[in-house]
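Below, subunit A partners subunit B and then partners subunit C, in two separate complexes.
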Partner chain A sequence: MGSRASLALRRQGSPFTGIGPVLVKELADHLSSVRMLVLTLFVIAFGAFPVASSLQTLRTVVDPNSFLFLRIFTLEPEQVGISFVAALNFIIPLMAIGLGFDSVNSEFNRRTLSRVLSQPIYRDALLMGKFLAGLATFAVVLVALWLMVFGAGLLLLGVPPRGVEVARGVGFLVVAIAYGGIWLAISMLFSVLLRSPATSALCALGLWLFFLLLWPQLASAIVSGAAAGEIRSVEDYAALQDLAMGLMRLSPGTLFSEAVLALLSPETRTLGPMLPAQMRGAILGAPLPFDQSLLLIWPQITGLIAGMIVVFAAAYVVFQRQEVRA
Partner chain B sequence: MADISSDTVIKARGLTKLYGRHRAVDAIDFDIRRGEIFGVLGPNGAGKTTTILMMLGLTERSGGSVDVLGFDPVRQPLEVKRRVGYLPDAVGFYDHLTARQNLRYTARLLGLPRREAETRIVDAMESVKLADVLDNRVSTFSRGMRQRLGIAEIVMKRAEVAILDEPTSGLDPHSTFELLEMIRGLKRAGVAVLLSSHLLDRVQSVCDRVALFNEGRIALMGTVVELANLVLGAGHPILVEAAGLDIAGTLYGIEGVQSVVPEGEGAWRVVADRDVRAAVAHRIVASGGALTRLADLQPSLEEVYTRYFEEARHAA
Partner chain C sequence: MRALLALLILVLLPVAGAHAQREPSGVKGLFLLTDYPSQTVRAGEVMTIRVMVNNAGLLPQPLALALNGVPAGWKIDLLGGGQPVAAVMAGVNQEVAVQLRVEVPKNAPPGSQTVVLTARSQMGQQASLPLTLTVGTETPARLSLKSRLPSLRGTPRTAFEYTLTVGNDSGKDLTVGLAAQGPANFQSTFTEGYGSNEISAIPIEAGQTKDIKLKVTPPRDVRAGDYPVLVKVAAEGATAEMHVVLQVSGQGRLALSTRDGRLSGEGESGTTSTYTLVLANDGTAPVDEVELTGTVPANWKIEFNPKSIASIAPGDKKEVQALVTPADKAIAGDYMASFRAAARGEQASADFRITVTTSTLWGIVGIGIIAVALLVLLGAVARFGRR
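Here is the complex of A and B:
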């Protein structure tokens, strides 16, 4: 199949012809679908509880410098046992899978694919349009949710959010959308690979459960296997920790929670173990400036976006090679 | 591409498609001219749909060349697809959208300006007699209506070439008749139509030329009469029913008559090398006979098809 450049040389016309109409149509389909309604209700049901409980707790806080608005997201109310962010950590993949698991195979099954592809567009436009529409839908829901949380905070706490809180909140949105993008790309990859939407959904959910439940166990098993030798120095220990974190970071969920931790808890100085030498001169509990927090999670953000692109590219390659006949 | 004559719209030379070592399409040549209906026949797996997909650039060819309206479907698929309408086998539409919304989506993919798209949609739906269900959801449509909606899409597109893959399969006789009438309408509008089908007698009634596919090759190509001459033997058969005279003796004297064979009570099958109906009628009446029936026996495509595959099997 050669590189992108040689493809462009070989065929004429922009691969993006028709991407607009595909995007608009898919977006309209998503926004008017029953599935969308169900997903929204799902998000509200899971999100409202932690947010309401956090707000109850936070009303008693008087410190104006304590990033009140960010704590709506991160506070783990006792009666709920899960913070809003932790809830999002598994709602986001579910939503993204819900939006993407049948995006290509349903066109096969409805026998619309060959008819649509016989219009003057490339397959690129169809896949890209569908992906962007899914991402846009997802972003709309997330932004709405975010605004509701900030709005509720504004009403119930009675203080406006500070600029830096809004900035961190927006950063959180971007990270959340990229996290959803990975899962959207994964579910679309399955929708290209598997003709049956049910199987595709099952595979995507299976992968999600694997990363959620099994991967942490597996990673620690691998690490304890690697630690069979004696740990003789701090370096040995640090190397082991690096391995453990490296393995955990293969899961998009880990990248998301680390990025969110640094963004929404400004006092986070490191995402790994900290050596005493690094603590020198640090005031414990003092918040980092926003740009320093961003710097801290830059690898996580690029990892999320790169992961999204890699998975999408895989779906793209498979789709290009597929026969369109049903 | 300069050698393409102005009325040839599709030109295939040595067109080949390999799936692994299997030759799905094996070096076929054909030309399709503007304003003709070209029938593609053959058993399942003969390579008809693969050929169609290669013409649209939806499948890459393994060898040979195709030229569609002066464009190469592999290198310039958008130019080809802008000018060619395709109705796939068992076409699907988005069920949750209305017919108008479905066509509007196609119009947007074609890049038509909004106002022009709206008038074209209404005109196209009128031409396939679906104007009254324009705003009904496609989920309420019968199979025949979906096929007509597919034709409407081609009309709206103002395609120069229409490729129809099994358009009449699964339709009742009335819907089939209506659909074929619409296909004739495309031809009247100057569209070159390529039609693949299993319904031989139906194909025969609309096609100007046919190509018989067998195992990836074009076994026979030409008008139905030409194929019949080739497979069933030359001749122009007619059926004569008459009484009151010695038919065989009377008719053998007519110039061009090759054989007179009795076919049941008072009926004869006459084969000549030209149309001898007028001469036959004249001779019988002049000889004092009572002519009760004189019918042109159109060579039937079904006969050609059956005979050809019988012979192919025997040869194998």
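Here is the complex of A and C:
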């Protein structure tokens, strides 16, 4: 590598030249594709059902919560048994994987990659454009969904949301997009690593299922192994809980659900265990100010965004080192 | 009282006599008895004279009653059990009460009149009772008023209770009106003995006394000092009055608040916040040696500046700084702290809601991490970027 990095091979100009055309083209491809239509229908079907049920519940039952609009997102209707945000916790990774699993290797297989790269477009710009286009598509769908939920809430509840509720809702939207971004980056990494789109999709979905189903069990097994009968005080127990939480937070889904919990349930004070000493004198049920909620989940938001960037950087490095003339 | 005593003797004597000397049964015969055989009546008034018909050791038999010597214009009815009666019947060693209802005409001339009441049985026994009724000038009504404890001491929040004895020293029953005159804003009420009803007048029989209770409540903001209350009882032109005295000693009253009355504040975990408390004395005496304490959640620190105040004059205010430091690991949210001020016998407290915020340091660290991730990406672009 070092020998090849001579001045002659050095790039001239910005690495982002051509990012615009790639982005626009990819976005157009995404938005007009049948896959996109299927994914959108999938999202709307999955999202509409909990929202409709929770709206019905909110209309009939007097909710003492002062953040009525946020309850649309978090309420767990009896008929459905899953809240809107819990449904999103499933849908977002699926959708992101669906958008990204074949973004690079399909170009390989159709032998279009070298044709694209013969244009005055850098590889950097190609990958970044594909990623940003995927993220933008994803953001469009989510924003549409979010607006539909707020509109339905306005229509059926007849109460305008307060400013702080809108702010928290927007925060939720940002977190959801970052969560989708991390899975998009993961699926693109697989699409760069593996030449077969089916394998790439399988790997990405497998990783998602691993984090969803296996990781909680694995984490608790690790924690019980680490404990080894040494819990003597509340501090020991708290330390163990911290370890369990730390392991669980390696999963992007945990980060997302914690961030959403603090954003949409303002009375959430802490995400970890709370010592009795910390509880003393606390007025329970009092909502935190928005900035304090944001501070509480700042590590989660940071983790999601930084994770997205790091995974994308990994995909980028792998892609740059690949031989594209197949 | 005297009538009661006479009646008691009347009732007890035969019993006692019967027990003491059963067989030689003492007095035997028919008697007519009254407490006051010579009485004063007033023209134009009605009075009732109680007469007992006593049968001592005779066979019971109907006794016809008759009145002789009733002056012209007078009307005297014989009543038994509220109804006009003409005869009575008393068992052996028993007596029957009869009332003489005497209506004296308005124009009756002064002087003595004698009316004779006779009871006669068919067997020939008879008894007679001459009653001398003197039409006299009216004896004025007379009232007396006494108090056992005419001077009481207390604080502005005390209810001062005086027990007063009102006596009717005149010869007839009176309805006595009650009144008390105190300084402005002093509330006074009368109640009867142990009753709870407020009264403004009370009927008292001739020669009797009654206990009434006077309750005086001074206004809360009254200054220390002696306050006289004039108690007046009045009935039919007769009055009696006396002074009772309230010795009000001043009392301080503490109130704890903030300058604008807002009992909430903000604090950051691990850093000291200062809240200005206002201690006011809205009582009537100085409050001395005010000590300040506070209750805060576990691991919090609280200090006061100054810790204690020597004295707060009535109507005065003092400001105190409360320095509250939430625990380093305090979780953001609302907490309850309470501040207390205690002086001798006086205290005030205020619950204070503190909204704890946490440091924004972690937020900056998070942004730093994202920046590092972006730098890694840019580094990769710079390192691996190629055509």
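Just so it is clear, the second predicted complex is superposed on the first by the 310 of 326 C-alpha atoms of A that agree within 3 Å, B and C clash if a C-alpha of one lies under 4 Å from a C-alpha of the other, contacts with A are read in each partner's own complex, and residues count from 1 in each chain.
Please note the rule applied: a contact is a pair of C-beta atoms (placed from the backbone, for glycine too) under 8 Å apart; a residue touches a chain by one contact, two chains touch by 3 or more.
Please read all numbers here as calculations on a predicted model, not as lab measurements.
Peer 1: Should the pairing of subunit B and subunit C on subunit A count as a clash or a fit in the superposition?
Peer 2: In the superposition, subunit B and subunit C stay clear of each other.
Peer 1: Applying the document's definition of touching, compare subunit B and subunit C: which contacts more of subunit A?
Peer 2: Residues of subunit A touched, subunit B against subunit C: more for C.
Peer 1: Looking at the overlay, does A:Leu295 come into contact with subunit B only (first), subunit C only (second), both, or neither?
Peer 2: second
Peer 1: So, does A:Ala286 touch the first partner subunit B, the second partner subunit C, both, or neither?
Peer 2: The second partner, subunit C, only.
Peer 1: Give one of first, second, both or neither to describe whether A:Val310 is in contact with subunit B, with subunit C, with both, or with none.
Peer 2: Touch partner of A:Val310: subunit C, not subunit B.
Peer 1: Please work out whether A:Glu323 is in contact with subunit B alone, subunit C alone, both, or neither, and reply first, second, both or neither.
Peer 2: first
Peer 1: For A:Pro21, is the partner it touches subunit B (first), subunit C (second), both, or none of the two (neither)?
Peer 2: The answer is first: A:Pro21 touches subunit B but not subunit C.
Peer 1: Taking the superposition as given, does A:Arg111 touch the first partner, subunit B, the second, subunit C, both, or neither?
Peer 2: first
Peer 1: In the superposed arrangement, does A:Thr270 touch subunit B (first), subunit C (second), both or neither?
Peer 2: second
Peer 1: Angle at subunit A between subunit B and subunit C: what is it in degrees to the nearest 10, using CA centres?
Peer 2: Seen from the centre of subunit A, the opening angle is 170 degrees.
Peer 1: May I ask you to decide whether A:Pro120 touches subunit B, subunit C, both, or neither, giving the answer as first, second, both or neither?
Peer 2: In the superposition, A:Pro120 contacts subunit B only.
Peer 1: Closest pair of CA atoms, one in subunit B and one in subunit C, after superposing: how far apart in Å?
Peer 2: 5
Peer 1: Please identify the positions on subunit A that touch both subunit B and subunit C, taking each partner from its own complex.
Peer 2: The answer is residues 10-11, 122 of subunit A.
Peer 1: Which of the residues in subunit A end up touching subunit B in this complex?
Peer 2: Those in contact with subunit B are residues 10-13, 17-18, 20-22, 24-25, 29, 110-112, 114-122, 323-326.
Peer 1: In the complex of these two chains, what residues of subunit C are touching subunit A?
Peer 2: Where subunit C meets subunit A, its residues are 295-300, 327, 329-337, 353, 355, 357-358, 360, 362-363, 365-367, 369-370, 372-374, 376-377, 380-381, 384-387.
Peer 1: Any idea which subunit A residues touch subunit C in the complex?
Peer 2: Checking each residue of subunit A against subunit C gives 9-11, 15, 122-124, 269-270, 274, 277-278, 280-283, 286, 288-289, 291-292, 294-296, 298-299, 301-302, 305-306, 309-310, 312-313, 316-317, 320-321.
Peer 1: Quick one: in the complex, what on subunit B touches subunit A?
Peer 2: By the definition above, subunit B touches subunit A via 49-50, 53, 56, 58-59, 74-79, 81-82, 84-88, 90-96, 105-106, 108-111, 150, 153.
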